[in-house]
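Written out below as structure tokens is the structure these notes cover.
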């Protein structure tokens, strides 16, 4: 029952999101939908790495790398936009694998802190490279005119595909290994699993998605600047995961949708938008450590804590 | 040679501040195993309070040094109470929870950014020189102000080092950071030690804040730059290691100084980040980090 | 080429020094295919260190470990387990937030072909009598069953040598009986050897073919359970604690 | 679950937009969107801009509003925080143009976010005022964009010529700029112009915004022993800190912050070291140069944002009057028509003069406010106007 239900859930949610991307004509709502989809993907990528107990704060850097690669490939080298985005993802995956190989040798906060530092470094680096517009950023990253009306559909579609991929991997043996690494890495090692290798693969997989998200971001906004990819990007993604509920696959998605909707009002608050995000995160970690879905879960049914709760939660 | 002395002097001056920062970060990590991103805001608050009060007090007829000392005490007090608040209502519940505490601190960073902007406004505040004049050390020009700053920083570093080595509190702190369960078994009150560790760290940040107020640009966002450098210093030195923090700070300051002199300061910034990666290649846990 | 007539595991004069302290001093031992081998000794005798040295979680300061005819590189867990030497840990080696089934499957992931994993999980569960609770969350099980899960994970990895680090700690009489039955069953059905580090003397005497006694990191005695029980030195070392338990 | 949320937010957004739109109809309000930083390091600029836009709007309302074809309109300023980056700039643009349906951007600050704004605005024929300097933002490719303050293109030729004349003995300059769009823009121009005026450029460096320790930078600049140190687009507070360190190192010479916008930050961090600094975009409200009107508004500003007004912010006042003039001349509130008329109108700027637009020879379009270049200098601790150069 569980499996079939989950499948059904995917069809319903995914189908609806896709439908929405086609139906909505209002430009503002379209931009919000794009933003929600991309944010959801970033948050899911962040959570995927959290499955093995690491916090990938280099997410900002790799999203930026994806965005800039896509921008450069399409505007300078004139690659078709689908290809540019895909290639951007691959480049990001490769670089992140190297990054992970270096930083994941020590457990704990080193990976997190270096990720942070790395994001800041990349930000400075972009501003030094005139080929990508330096400090004023890259402009004119347009998708082909034909795609203009289809862009939301393309974005939502791509994001959905990646989300499904993440879901399947999480439910696979690979996912089991990530759990084992988080809770009891020695066990995994003692039965011959090469955990270090799996960690690196997990990072580059997650960053592949981040790279694609960056590419989509570039084409959706058509303008990117170094400032877009400061560590706050990762901080917000973290907020999405935390608000939605990190124990649930849908958590980051729900969190992204909620907070993006919320912040689109908060934009009117001027500088006070930070209050909103900061407050939301604090409230979440202090009052509802299991996020919105966790609260709903408590209300709905007293099912045991499990990462299959996804399915349990939504009927 | 002349240049070299000047630059070294500069590096030491900057490094002194980073030391105060990284000592706090490394102390908190050692005791509580958390990464505290709001540390920079404790610093900012102290600096802002000084920048706010000093002109008023001076106008009130106090002599500059007197006004400064008074303002500093207030600044430190405010910063410490902020620290206590953060600990009691926040981090106390996230001991040894790296991810959880980090998320909390990010939330607090965003919130406090907004708060500080509201309370103090975005405008840059000037703090008049307290100890005017300068001296020449081996041809290197150094202001009394900076000299004072260094002296205090070194004093703090040394006393903390000795305290950790010899005082009972120090022993407890070390025991806790080495193995908190064992420490609790032998009757060390972990939660109290953790609180003390957190407050000592906050004190260091606050002191750095009041010391820097007269020599730098005081605005609500000032903390971030120092925080980043401080973290890089502890990563290089090894989280939880006091000598590591000190050497890391000096290292970062030197790269920054010599880098911006011989290259250009934005490349120096890049160089610092680059070197961190290289250091991690050879010492995955930092130079003085233990398993 | 390794044949079953040779010893499965040969430890040649390994030592391990921690600063000033010699945790294990020039230890030799041989373990034959298919036997259950007990490694005992009072607290601080260096059992766990020896265990870590053999399983590659620690590298020896001297000596070497030869497993199935091949020398194991010290301190390389991957190599040891790849060769078929799989261990458990004192404090429950399983994943709380996964089902029993997934836990056992974890064991198969490195050493069993994907196609055979499902069967392997079923077999293992059958041998350990966990079939009924495959979907339970390991974290919610009683201590005894969690111990069994830890062992199941190791067994599922189809080891040539199964190394158990105090698998009976904190189990009651009946649970101990179960684990012993399981281990015996495992040996019968799979004909594989077991290296057992354990405090529970009665259990060790009951199940082991041969026993090796350590004291202060050094060899004290070796022999069959009967020989050991009557060994003066051993009894002194334990101050009769062997009989107490 | 996702869908519900989206519909919710969507519906709400629509409702909100509808509400405002409805209100707008009722009292003939023209809403001017502002895309400015309201948080972070540049928050004070954004807040000042917001303040001046509102001030101008209030004055016009009190003065009887904008009369277009018998109808009377009033302005209303709507400022969103673009956080100085393109991503947020896009969000702001989306919200202003597609949610609030704004047709006129009263002002926008920050090259990256402004580029994002332009990308969207030009497709919808929205008129954009900006203080951003990036050359990429100006020119014939951007028929709907107008620049509301002096940019390096206007300031540098006159200012540098003036300084070269004042200090004929100074023959070498060392330049430093922040590593951002404005810095790059200024640096490229200044280099040539100094050379043209017979001053050779010893070095030209960049530093990261947000830097707090300026000793190394100062040490390098001083080591070049230049007669002039030109901090280009360095923000006043940073410039002050740098001059202070230079003073410690014993450097003496001509101090220039070409597009320095205000003396407060400079004095705040520079103290006595700020003495003698030339600025090309500074505004002073001291002495008899300033009108009562300027002084009055500046006092209000100080009370509200804690700093006296600077040239960047003043642009947000002038743009409102420029729009008023253009709308009344065109007899229309259609942005396309207004944009066509704008270059021909003149209006009374905050600086006192009646000014129009120019810039054809430099940018190919008359899209630049013809504002006076005010050369200011810190004398005796206060900022004094030493020359007012007519472009």
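For reference, chains read A, B, C and D in written order, and residue numbers begin at 1 within each chain.
Definition applied: contacts are C-beta pairs under 8 Å (C-beta built on N, C-alpha and C of every residue); 3 or more make two chains touch, one makes a residue touch a chain.
Quantities reported herein were computed from a predicted structural model and do not represent experimental measurements.
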Leftover contact groups, counting everything except chain B: one piece
Chain whose Cα mean lies nearest the overall Cα mean: A
Pair joined by the larger number of C-beta contacts - B-D, A-C: B-D
Distance from the mean Cα position of chain D to that of chain B, given in whole angstrom: 35
Averaged-CA centre spacing for the pair chain C and chain A, given as whole angstrom: 43
Distance between chain centroids, defined by C-alpha means - chain B, chain C (Å): 49
Centre-to-centre distance between chain B and chain A (centres being mean Cα positions), rounded to whole Å: 32
Junction residues of chain B, two or more chains touched: 113-114, 117, 266, 269
Shared-contact residues (touching 2 or more other chains) in chain D: 39, 43, 47, 179, 208
Touching two or more other chains - residues of chain A: 124, 127-128, 271, 273-274
Chain-chain contacts as defined at top: A-B, A-C, A-D, B-D
Footprint of chain A on chain D - complex, ascending: 1-3, 5-6, 8-10, 12-14, 16-17, 38-39, 43, 46-47, 50, 79-81, 83-92, 94-95, 97-99, 111-113, 115-116, 119, 134, 136, 179-181, 183-184, 208
Chain B residues touching chain A - in the complex, by the definition given at the top: 29, 35, 89-90, 93-94, 98-100, 102-104, 106-115, 117-118, 228, 231-232, 235, 239, 266-267, 269-270, 273-274, 276-277, 280-281, 284-286, 289
Sites on chain A touched by chain C in the complex: 173, 176-177, 179-180, 183-184, 186-194, 304-307
Contacting residues of chain C [partner chain A, same complex]: 55, 57, 77-78, 81-82, 86-89, 93-98, 102, 105-107, 109-111, 114, 117, 137, 140, 150, 153-154, 156-157
Chain B-facing residues of chain A, complex: 50, 53, 55, 102-103, 105-106, 108-110, 112-114, 116-118, 120-121, 124-125, 127-128, 235, 238-239, 242, 271-275, 277-282, 284-286, 289
